Amino acid sequence: MSNSDQASFSVKGIAQQLGLEFRGDGNRPIHSVASLASATETDLCFLQSLNYLDQLQHSHCVAVIVPVDFDADSGDKSLIFAKNPHLAFVRAIHLLLPHHESEPSVHASAQLDPSVKLGQNVSIGANCVIGEGVSIADNVRIAAGCIIEQGCRIGPDTRLHAGVTLCHDVVLGADVIIQPGVVIGADGFGLVHEQGEWLKIPHLGSVRIGDKVEIGANTTIDRGALDDTVIGHGVKLDNLIQVAHNVQIGDNTAIAACVGIAGSAIIGRNCKISGAAGILGHLTIADDVTITAKSLVTKSIEKSGTYSSGTPLMENRQWHRNNARYKSLDKLAKIVTSLEKKL
Amino acid sequence: MSNSDQASFSVKGIAQQLGLEFRGDGNRPIHSVASLASATETDLCFLQSLNYLDQLQHSHCVAVIVPVDFDADSGDKSLIFAKNPHLAFVRAIHLLLPHHESEPSVHASAQLDPSVKLGQNVSIGANCVIGEGVSIADNVRIAAGCIIEQGCRIGPDTRLHAGVTLCHDVVLGADVIIQPGVVIGADGFGLVHEQGEWLKIPHLGSVRIGDKVEIGANTTIDRGALDDTVIGHGVKLDNLIQVAHNVQIGDNTAIAACVGIAGSAIIGRNCKISGAAGILGHLTIADDVTITAKSLVTKSIEKSGTYSSGTPLMENRQWHRNNARYKSLDKLAKIVTSLEKKL
Amino acid sequence: MSNSDQASFSVKGIAQQLGLEFRGDGNRPIHSVASLASATETDLCFLQSLNYLDQLQHSHCVAVIVPVDFDADSGDKSLIFAKNPHLAFVRAIHLLLPHHESEPSVHASAQLDPSVKLGQNVSIGANCVIGEGVSIADNVRIAAGCIIEQGCRIGPDTRLHAGVTLCHDVVLGADVIIQPGVVIGADGFGLVHEQGEWLKIPHLGSVRIGDKVEIGANTTIDRGALDDTVIGHGVKLDNLIQVAHNVQIGDNTAIAACVGIAGSAIIGRNCKISGAAGILGHLTIADDVTITAKSLVTKSIEKSGTYSSGTPLMENRQWHRNNARYKSLDKLAKIVTSLEKKL
């Protein structure tokens, strides 16, 4: 980063830009941001919860964004008050460390079919391969080694990081971010039995990704069998997630890493699916549902709320003893019922 | 697709080609296929189960392939009767939308070692890298960005989609399909302890993949330590599956996404392993075993059947209460036993 | 492999080189190694446990490395005695099959920014893309199709297999091995809510990988939000593992495939995390902790030991019955308590 990439503000200047109140010395300079633990004397930090109060008190930062009701001792640090300190901190990052893109360019080694349509200010990295009839809108940046097969359409301001594969006819919206190694549009796992062998079902659908979607590294999203697999606007997917054919994910749903979603599942809006959860196929999940980590959803969820499965972590010996009992839990319950009747 | 890619049939013509009975107007034209929900008036659909009867009744399709005992009202749609409607539908797709491959060609940017042996009608995409002594049989199609290391052998009619990596000396059978991002033949996770540190075990085996195998996006299959990892004929693997070193998978077994199989596990034929299941190492699973989603197989299974582990999904508060009890399930069982004795 | 890659020893010669005792004919030649089941008459094998005694007795090998207290009948095979037969066997492999690297070279198709600093004896494969300011130390070997973004630093003797992606400013130590398809340094899954939508948190940290680390195929390690994600020396990661932003993993910890580790988790040294385990974020795991397969760690573990969660595999009908009871386990426990009081 050249110096011109980094802005400089006073405590007061930052607070004003963010529209927030501050307390303490407003004139001290802020050059950058850091975590409480590694901050130096010109860094801005944030405190999301009082669990980290001890870190705040030992921090070398000049100023901290704190919750509006913050009232603890913070030494001589300047305080900036925000309803959501983390959100205010992200905005401060954009002020202090504005992101400058390099000049758009198409690398000489990229292999573009002559029919590819390129918008304004498009960047395409080394060794990309872009197939027949692909259309790429303005301000799209595609990093090295991406493969974009025939017929794909990519909306404006979308960014593909290195080594992304879009199979034929995949459609990405505007402002989408795809992390490295993602595969979108591979054939789904569609099979029918034919005399003891599996026959492959042709996949005639595609994948449609909405605007402002982010997809994490090495995640896979399969194309639909007949209709499309559809990812709504504002959906955020973490790494190593499997989205099977014909899944639909509603707007602004966030899904953490290692989740698997089976075919034709329909997930509502504003859901939060925690890491390594599993969702069986051909079911529906309502809006505003939270699934906790490693839970398995085996049937439709019709009501907003938080749902869980799984058992608690135990010391291994205790776990073995309880597990042995679990195998005969039904018997145990029957004994209790018969004891109840006797009394 | 040019028009010549699309055939046109009457209802009667399709039924005759598939060797099936039909009912209703046999002369109406069928141009394509679709799901019941999105079909238009020249589309063929199928109905696998009466759960979708409502969709059928609202569909705009011209004809539907239904089970032989189908007897419900379907308006004026023509009906074609099949034992397995989905299977008949897949055959109809092949009739209506025959797949035409592009002309075989080796892209100018592909890096082939001079010793590579190419069969007839082989296609190799842009930026592929193919190492010393690799042998590629007739009609193989390799999409862009694949890396095939020295000594690999690829059987006839096999297809590698974009960005596949075959490490050295991997052997693929005939008619295999590999989806993007798959890695076959990386070193297994073989370690021995040496004075508190881990020493890597050299991996001298390879991976052998049978005929008619399909492998889903970003799945990984490790090479064997001494002997080979072996995937039988007709095996179907979904996305993001881990197959560890020296695993053996029997013919026609199908494994859904996110499954992990540990080293030296031996899995029988015609098994169905559901999504996110785990299989520990050095165990054997019999033929015709079904494992339900997210189950963990911790010891050998000697008898065909369906096996499961895990607990049901619950509303979060109920789950917390039950989980608290699970931690002392063994105690609870002991109390019940002592109560029984008292009575 | 040319003949010169393969050394030849007598039984006595191998035993002497390894500093081990032997019994039987010391003059018989050993040319290679194999598993007990596939060995031929000039192969060396090892026996780690008496579970494989039957295989040993049927093996055609010339010699076997066995535990020091081995006392069973082994026919006329020569025996070499070792405290840890597997470790001795690995050393024997390095004697018998020494690994010869090909001559270092930078492939003509590799795209290196002019500012890249290359050490001595560096190999860079076809179609690699290496960005501005990257520094690569002596004896590094980078296979085909790797993408190394600006500012990365790679320590001596490190090996990147095919198709690895290092995002900007990632730091790898010495003697690191990265298997194909790995993505290091993608943005973490950091989001804050802003008026019902998710706002992306910029990721200003990076990833630092220690010496002697190995990382398995298609594993992902995200960069930190403010501070770095840190992988200690001697850490071994299997395939398809997710390591989220700001995770810290202590020296010599080994983690099996399909594990997911959420953001800011701190894992101690010498831990063993089995396959498909999950570790929630913002918690700490002590040194020398073992987590069994598919367990979920939901809070900090302060004491060394073995921990588990999950339920045993059951025949599917039995599982359904027990699961139905699990939903009312809390009620069952309350009934037992009231029965106890009555008696």
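Lettered A, B and C in written order, each chain numbered from 1.
The rule we apply is simple: contacts are C-beta pairs under 8 Å (C-beta built on N, C-alpha and C of every residue); 3 or more make two chains touch, one makes a residue touch a chain.
Because the structure is predicted, anything quoted here is derived from the model rather than measured.
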Superposition of chain A upon chain B: rotation angle, C-alpha, nearest 5 degrees: 120
Interface sides of chain B and chain C: same vs different residues, half threshold: different
Gap in Å, rounded to a whole number, between the CA centres of chain C and chain B: 26
Per-residue multi-chain contacts in chain A, two or more chains: 127, 145, 163, 181, 218, 240, 258, 276, 310-312, 314, 324, 326, 329, 332, 336, 339, 343
Partner chain B, residues of chain C touching it in the complex: 33-35, 37-38, 84, 86-87, 90, 93-94, 97, 99, 107, 109, 125-127, 143-145, 161-163, 177, 179-181, 212, 214, 216-218, 234, 236, 238-240, 252, 254, 256-258, 270, 275-276, 293-294, 310-316, 319-320, 323-324, 326-330, 332-333, 336, 339-340, 343
In the complex with chain B, residue positions of chain A that touch it: 111, 127, 129, 145, 147, 149, 163, 165, 167, 181, 183, 186-187, 189, 191-194, 196-202, 204, 218, 220, 222, 226-227, 240, 242, 244, 258, 260, 262, 276, 278, 280, 290, 292, 295-299, 301, 305-312, 314, 318, 321-322, 324-326, 329, 332, 335-336, 339, 342-343
